[in-house]
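Down below is the structure, laid out as structure tokens.
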Amino acid sequence: MSESLKINLCGVEFKNPIITASGTFGYGLEYANHIDLNKLGGISVKGISLKEVKGNPMPRIMETSAGMLNAIGLQNVGVERFIKEKLPALRKYDTKIIVNFWGKMLEEYIEVARVLDEEDVDMLEMNISCPNIKEGGIAFGTDPKMTYEVVYNCKKVMKNKPLVVKLSPNVTNIKVFGKVAEEAGADAISAINTLLGMAININTRKPFLSNITGGLSGPAIKPVAIRMVYELYKTIKIPIIGIGGIMSYRDVIEFYLAGASAVQVGTANFVDPEIPIKIIDELNNYLKCNNIRNISELTGKVEI
Amino acid sequence: MSESLKINLCGVEFKNPIITASGTFGYGLEYANHIDLNKLGGISVKGISLKEVKGNPMPRIMETSAGMLNAIGLQNVGVERFIKEKLPALRKYDTKIIVNFWGKMLEEYIEVARVLDEEDVDMLEMNISCPNIKEGGIAFGTDPKMTYEVVYNCKKVMKNKPLVVKLSPNVTNIKVFGKVAEEAGADAISAINTLLGMAININTRKPFLSNITGGLSGPAIKPVAIRMVYELYKTIKIPIIGIGGIMSYRDVIEFYLAGASAVQVGTANFVDPEIPIKIIDELNNYLKCNNIRNISELTGKVEI
Amino acid sequence: MIGTVVENIKLNDKYYYMIINNKEFVEKAKVGQFLMVQSKEYDYINDPILRRPFGICDVDYDSGDFSILYMIVGKGTMLLSTFKKGSKIEFSPPLGNSFTIQSKKNVALVGGGIGIAPLYFLAKTLKDNNCKITLYFGGQSEIDIVFLDKFEKVVDEIVVTTNDGSKGMKGLVTDPFIKNIDHYDYVYTCGPKKMLEAVSRICIDSGRAVEVSLDERMACGLGACLGCIVYVKDDDGNEIQKRCCVEGPIFDGSKVIWESVCRG
Amino acid sequence: MIGTVVENIKLNDKYYYMIINNKEFVEKAKVGQFLMVQSKEYDYINDPILRRPFGICDVDYDSGDFSILYMIVGKGTMLLSTFKKGSKIEFSPPLGNSFTIQSKKNVALVGGGIGIAPLYFLAKTLKDNNCKITLYFGGQSEIDIVFLDKFEKVVDEIVVTTNDGSKGMKGLVTDPFIKNIDHYDYVYTCGPKKMLEAVSRICIDSGRAVEVSLDERMACGLGACLGCIVYVKDDDGNEIQKRCCVEGPIFDGSKVIWESVCRG
């Protein structure tokens, strides 16, 4: 274990800043036979809701140039089963557990936050990219007032755990949402979630996804993610977890320079489950070669 | 010349729907020694402003995964020199000329539109992705009220030429902007312009672009473009010119199915200047093999 | 895992056969399992990005070779076809569940096109278990009927059909199969969805057990992304979700809810 | 244009030399010009996407072969290094302006690292024009000093320097050059920006003409994208914009505004 990668994020000590991104790493356990989970800085689990959700009809995924589209539909076992069936096994590993969560209405968000805040998890990550069924499907993450509401109200019921708010990139001005989340009490921001995209099969003339549109992830979106992390860093004071298209340690450095204090690796887990571990090793090496005592020194150090 | 590719866009007859995208094809003439311009449906020239503009300092471009970033800074010779030095030579070719234009203030937009409307060009394409210096840098294309203003006022002074409004994808809801442009009198919409992105050189720790951020184009952004064309098609009645990551005839069909009535090819011109011509040939072939009398039959024909 | 390409043989314009060496993989491989193969040779390239799933077609425990039989479909398989002998190739361990192996039974294997791939490993295993095996092999056209010489050495009988009659009987593979269904104790099938559904119905109607191997689009192959869901009926007849990559790719054909299966 | 890879030789861990056959290209090629090379072999792959610019290193009018000498930098050049003999490769026609060829003069060529590439074609042409040629060749280290054997047959004198002294004199290539500047009528140079700037200043100070070959990032290579601007002074001393790909890559070293040049 190397000192140069240790970070403290909102009071939580991570052995390294490499976290696997929500939705790309299941409940963590799926990867347990394939990589050593103990090496990871943290795991952000698949977005949890109050009740079990079955997700969208198939097909749900499609590859695109240097990226992929997904419309899983936030399928998950619900908060109760997550706590009973997944968390105890996951906790056996020496890594931080971030629980990504969401709701279809404000009340659901609050309830899930309240429940998880009492559990043996390290952080909560609020996904606000989902449409609010009560407000006619407008996503919580695309209307600043709603973002404020949901962050403020969840934070109010949380006594123990830091709250990370994960922003949607499908907005005109990400800075507004970072600022609002910060004001509403968020302890950190994670950015970005997927870009809204679509692909059509020209042979069948149908969309590749049953849901018609889906979320675009992977290296294709990295430039958008870097830009947004940079804009957020200039705007807010709370730490930022950078996400979007990370495939190698070089991408991690790039996110740090833009303003990240930790990162999440998503689509890369599908490309090769070893990637997060490789990144950790390579980062270690990079920091050593460049005489950098701790990776945190790089946060926001892009030279303008 | 094939009947199956002939289209009529806002009263202008194109021999085929393949138009080279603004900023990726100079003033057309740069490509004259490399491909047969007479084969193209149309050429959208580099964005023209009232006065000559020198553009941003270097570096201005950088490659990313399946895409590229550019921050040319809208360098152009200005409307007067364009008309005097470029247009006569360009008009010698048998292809439609679309003049992409922009301004730093509302008045400049109106003036350029007024001037070009009297010239021997086929269409004007208004680029509203540029920041308005008068209004403190907010882009005309990210505030619906400003979009309405600029479209309405330009249209008012245009007596002869159809006006295409080119939308920015960096907005929460593209439908709003399509609708507003339509209401303000736009004859067609083109979508999309580049996504705002950034890349950092981890060795120098500097952004790869002197302008810090730049526009992301290429296949990486195609899923976002297809989604937006689809959303626009469901919202507005005026025709849509699809743009974003087109590399092959299959991409053109995909844009048509999503709702396009013509397309523009951008970054692909750098990859291989022959691509637009290849696409035209392959489209011809595709339509023949699939017994489609005219490509327009495909517009919006995605099966949901 | 990383292996070495031992051979990458073009069978015809549509099909290729790749032999890869990796002892560890071969030791783990179970019949009916698949693997996720990285089709690009250089990890600094990001297009294509995802690995591609392929059935294990054959394994050789002595040499540590295993093989995949693949059809050229899109950019992943086009790239795969360019791998040269001796190249390194990256892939997952063997994934998914496996076929149930019958002993001393009369079994039918029904393969459609590239669906033949996992049936070869299966046929060899069933033969070792003293089954009497009939292979029904259907294709669109002559070009789709590959690997027959290999199968001839393993199975007891082969019935070939093509849609256009260019090889074997003209028609669907289910035509001869339905006529002989009474001869078999157990049926295994892999191929296009329509065929799997038809074969399953025939088996259900005649009370035969049928195992189907399903293709769903996959991202992770490990059960994490939930991109590959198949809906099946549980023992009480309730519709439940299975992940094709973990609880599949082999399913009880009588339990699959066919409307939910989206891959051809 | 499409050509065939005749050879793709690894000179050392950092440098490769690729010979490509295309008669039409060779007939058009002028000394100092460059070409845009597509570094991916399959056009259905979109990463990397842009073509890469390389100087023309040598041409053979008889065989229709031409060559590029390239340094491994990133994914484009890494991919290029994987091209096998006989592969097809795509590229633009010869692009840009060209060196002014002197006759019967004493000339110096000053190359830094990979900047040596276009100087070979130049040296051959100058020799044909009866110039007396001295090559100053500087590198970081021994590994950067390639192609010497080829140059030896063409130039009259070679002075090698390396920063670490592992080959030739220790120091910068400008150290020996400045001492001998009076011997030359005309100077040509290609390499890192700092070196080009230093060489240009030396030439200006001693009243020698100097032509520099500049590397700017390029997307189109045709003058359309305006991604490769170089600022130079015109005859009246006004700052004007030139496109490196069309009005360059060869510039009058005394006219370049060095602060504007961004590529190393």
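Should a chain be cited, it is by its letter among A, B, C and D, assigned in written order, with residues numbered from 1 in that chain.
Everything below uses one rule, namely that contacts are C-beta pairs under 8 Å (C-beta built on N, C-alpha and C of every residue); 3 or more make two chains touch, one makes a residue touch a chain.
In this text, all values refer to a predicted model and were calculated from it rather than measured experimentally.
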item	value
Farthest chain (mean CA position) relative to chain B	C
Inter-chain centre distance, chain B versus chain D - centres from mean C-alpha coordinates, in Å	36
Geometric centre distance via CA averages, chain D-chain A, whole Å	46
Chain centre separation (chain C, chain D; CA means) in Å	53
Sites on chain D at which at least two other chains make contact	46-48
Residues within chain B bordering two or more other chains	65-67, 218-220
Graph class of chain-chain contacts, one of line, ring, star, complete, other	complete
Residues of chain C defined as touching chain B within the complex	46-47
In the complex, chain A residues that touch chain C	23-26, 30-31, 34, 46, 54-55, 57-63, 65-68, 70, 72, 75, 210, 218-220, 247, 267, 269-273
In the complex with chain B, residue positions of chain D that touch it	38, 43, 46-51, 90, 92-93, 216-230, 241, 246, 260-263
Residues of chain B touching chain C in the complex	65-66, 219
Touch list for chain D against partner chain C, complex	40-42, 44-48, 75, 78-79, 82
